[in-house]
Amino acid sequence: MTEETRKSSYPLASRAEDGHNTEIKVGNTLIGSSTFTVMAGPCAVESKDQLKSIAERVHESGVNILRGGAYKPRTSPYSFQGLEEEGLGYLGEIARPLGMGVITEIMDARDIPKFVDHVDILQVGARNMQNFTLLKELGKIRKPILLKRGMGSTLEELLGAAEYILKGGNKEVILCERGIRTFETATRATLDLSAVPVLKKMTHLPVIVDPSHAAGRSDIVPALALAACAVGADGIIVEVHDNPSKALCDGSQALSPEVFKTLVSKLKEMSPLVSKQFN
Amino acid sequence: MTEETRKSSYPLASRAEDGHNTEIKVGNTLIGSSTFTVMAGPCAVESKDQLKSIAERVHESGVNILRGGAYKPRTSPYSFQGLEEEGLGYLGEIARPLGMGVITEIMDARDIPKFVDHVDILQVGARNMQNFTLLKELGKIRKPILLKRGMGSTLEELLGAAEYILKGGNKEVILCERGIRTFETATRATLDLSAVPVLKKMTHLPVIVDPSHAAGRSDIVPALALAACAVGADGIIVEVHDNPSKALCDGSQALSPEVFKTLVSKLKEMSPLVSKQFN
Amino acid sequence: MTEETRKSSYPLASRAEDGHNTEIKVGNTLIGSSTFTVMAGPCAVESKDQLKSIAERVHESGVNILRGGAYKPRTSPYSFQGLEEEGLGYLGEIARPLGMGVITEIMDARDIPKFVDHVDILQVGARNMQNFTLLKELGKIRKPILLKRGMGSTLEELLGAAEYILKGGNKEVILCERGIRTFETATRATLDLSAVPVLKKMTHLPVIVDPSHAAGRSDIVPALALAACAVGADGIIVEVHDNPSKALCDGSQALSPEVFKTLVSKLKEMSPLVSKQFN
Amino acid sequence: MTEETRKSSYPLASRAEDGHNTEIKVGNTLIGSSTFTVMAGPCAVESKDQLKSIAERVHESGVNILRGGAYKPRTSPYSFQGLEEEGLGYLGEIARPLGMGVITEIMDARDIPKFVDHVDILQVGARNMQNFTLLKELGKIRKPILLKRGMGSTLEELLGAAEYILKGGNKEVILCERGIRTFETATRATLDLSAVPVLKKMTHLPVIVDPSHAAGRSDIVPALALAACAVGADGIIVEVHDNPSKALCDGSQALSPEVFKTLVSKLKEMSPLVSKQFN
């Protein structure tokens, strides 16, 4: 694709000549080129107690954005599908008093009104990256959207998907690299960290990394999180669980609160080396 | 994944011990293990005249199911998005008098009522294979669904997606291999013909092949269509255009009506070799 | 890559404007565009008795080229490495009285003299596709070379590798598609059957298919072999073992002599449909 | 593959329970878990002057190991194949007075004697990762070997290949991640940085990263080099050219000496954050 074709495919997402970067404000947290933002929490909201306990631990480590799935996209319809609306409620209820923002995944455009009440960032999962119906509806609201790259999607396609949201008038889109499908089976997906500097050339939108889903195994998540910071990402979204072996979803990739705390302290040291402020 | 886990992930899609195969009736056409079915037509419905002309040509060749996109999922929001409801109308209007069935892609669950009126098979595209919201709604209707494999999706995931529809009570699901993402760039995707016999071991559902989207180039489509028949597919869905160079969508992969006619006559010869009746 | 660059990268391998196809004679067997050739035998030569027994069975089915590994490239140095020179001897000793040609893999250029004595076609395995040292030496001899596509190699690279042999003056190169590495784990590799018609556009060299190594499971090998014929391949190379569960190498992908015989009779029926003579 | 099978496939390469790490001494440079080592120089040795000029620049930046290809594996036999023996001579001649070690690629086992005279680390390229003939010969010498991961090779296969060298008695093997083949075309290969911490769990051997060949474009090489350090690699090997646009090989991925100098100063700052000493 030539430079010209590109810009006509996603003019709003394309980096302009003036080099401007979009920064997105969530509570007191600024997400974008000058900062390194950590979003953390459990894969799924399992109960109010579980969420509260984990939220407090990640908040103590210095994190201001709480993640947690209320609606879970699962390969099989018989796997745990999330607490749904109840889970949404817990997220808001627990994050607010701690002064934390909330990010969680939306799968159905009909749920937008519920999400707008409880959530600060709406996440579109990898499986829905090209669910254009959903993207168009998210273009109509005025809340930040975290758009995850599909596991079989190119960066061109990721930007095309972002354009569907931007075209609707919603200018707050955050891109997220979360691993692509390759032949290597040592990790669940292959985290494509090159995508970060490449996207930074192509677009003004913030780019973050999800090392947990890419790895599918917690032992290498801290190393990947540091690499994400070093490669120039604007943040990470990472799974933390206080009892990984009992997690209802993806326990094998969740960090314990202790390991997470150590990771955060290293990220605080590393951020200034890449000219970013930790937040 | 063990055999046991598999069957608990998609019990309704799994092949049972009795070896039963699902066959789906569309008009006078039976889709499933005893037949080889060809579905053909333009990538997109562009106008009533275009559709009529192509429909007549493919019908003459012996095809009873007309394909044509009314709602088009496009990487960029600025590409031609289809004639939408107008296109749906044309499909029914033109296919009926010819005695043909209609297959077309649905992207938005809210459009289901309109589709039910005009369409015989609702297609879920590769990008929406794991749009579980859409799949659940399609489980509630009683029309055949053609479910395309996502470009980065495994066969396990394809069957998990089919299960979402079957679980809703809609038992008529047709699976479609249409190429997966690999490093090879000589074709747009890599058609995974091994998927056909593998799926036949795993499931009782019909399996068809889309050589047009996999190839992205018309010159090899006839060879791939014959291979699909030889490998045991229950049919193909193929793009035909009477003026490929002027097509509004994917012209480079469309067969001319003449080349298509020759292909169909070869498929008629080949079907009996794999114990199938052409229809 | 433009057409022009291509032709300058592999001028000798490129299809010329006159449409000429290279055909290669091995004993009474002609390999190339007018014929469909089956090469069959065990993965590895395990003993004289084993090879004799299998050779006789495949010969009875109508096959004139015997395959069998004497030198085996194995991922681990502790796996069975083949009978080496002893195995080479058995191949010649057993094939000759049956009037069969022999194909076997060469890994070390220093073994060329031994191969030239016993072998009719020298095979370069997928792992050595870009072992340019070996390719250059094989360019100096006057025996047919079967060049397998690397599991992570493009078709452009396959033709570049063939060019190394052709440039040395050895004009008898047969290309072989044997599956590429992808994310799908239902098969060991993903057989890229599109490669066959694409290569036929690019080059005048014969193109065959190895369904056994691609599949890694015998149950789908017959279907893939038929598909290879339908897609326009000039032949297949397939593994047959009279006791698959006791094979020292890759038993799970070997056909029994009975299944193989049935396959061959279907290939004899299918060849004329694609304008080829079975041999 | 179970832990047990693994250890029997590559017992010498496997990490032992005592957690011992292999460190390899090249001149005054120690390569392994306690250090971060930079190897740099041109893709190909083009002339004595070119090599001298670049060697001096990278040495000034604090680098002690000079890379440069004398024998070049090229997709087409008509591309520049390197200065061969002449290039080998220049490498030794120029590196020695600067006190630098030399690393360069070997393709043909028959060249080993020449390499042993001029070279400190012999590199096996990605295309030859499973050239077992070459690996076995390299197992017989007593010089460090840098073994690059094949573009379509798993980590299991990389360790199996290393085992061929170790089994011969040569204990000094350095592994190198250099990108794998995926569908993404924004970079030449997809750098699999997860491979670094995964390999560190599996083996005691040093692991370095080649960001230049993975990226195929110089603009993202510094970001990837920093990420390699952050993820725990024991070093990088990077291409530097004083006139990238005139390079005879891969100019588009070479860093200018100025950009390289800035990168090295950042790597010096980052190394201590991951408990490594820069050297």
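Every chain is named by a letter (A, B, C and D) in the order it is written, and numbering of its residues begins at 1.
Here is the rule we use: a residue touches a chain if its C-beta (ideal position, glycine included) is under 8 Å from a C-beta of that chain, and two chains touch if they have at least 3 such contacts.
Here the structure is a predicted model, which is why all the values come from computation and not from measurement.
Chain pairs B-C and A-B differ in how many C-beta pairs they share in contact, with the greater number at B-C. With centres computed as the average of Cα coordinates, no chain lies farther from chain B than D.
Distance from the chain A centre to the chain B centre is 34 Å, each centre being the mean of its Cα atoms.
Looking at chain C, one finds that residues 152, 156, 180-183, 185 touch two or more other chains.
Taken as a graph of touching chains, this assembly is complete, with every chain in contact with every other. Considering their complex, residues 8-10, 73-79, 107-110, 127-134, 150-153, 156-157, 160-161, 163-164, 167, 180-181 of chain D touch chain C.
The touching residues of chain A, counted against chain D in their complex, run 152, 154-156, 180, 182-187, 190-198, 201, 214-215, 219-220, 223-224, 226-232, 266, 269-270, 273-274.
Taken together, the chain B residues at the contact with chain D in this complex read 181-183, 185.
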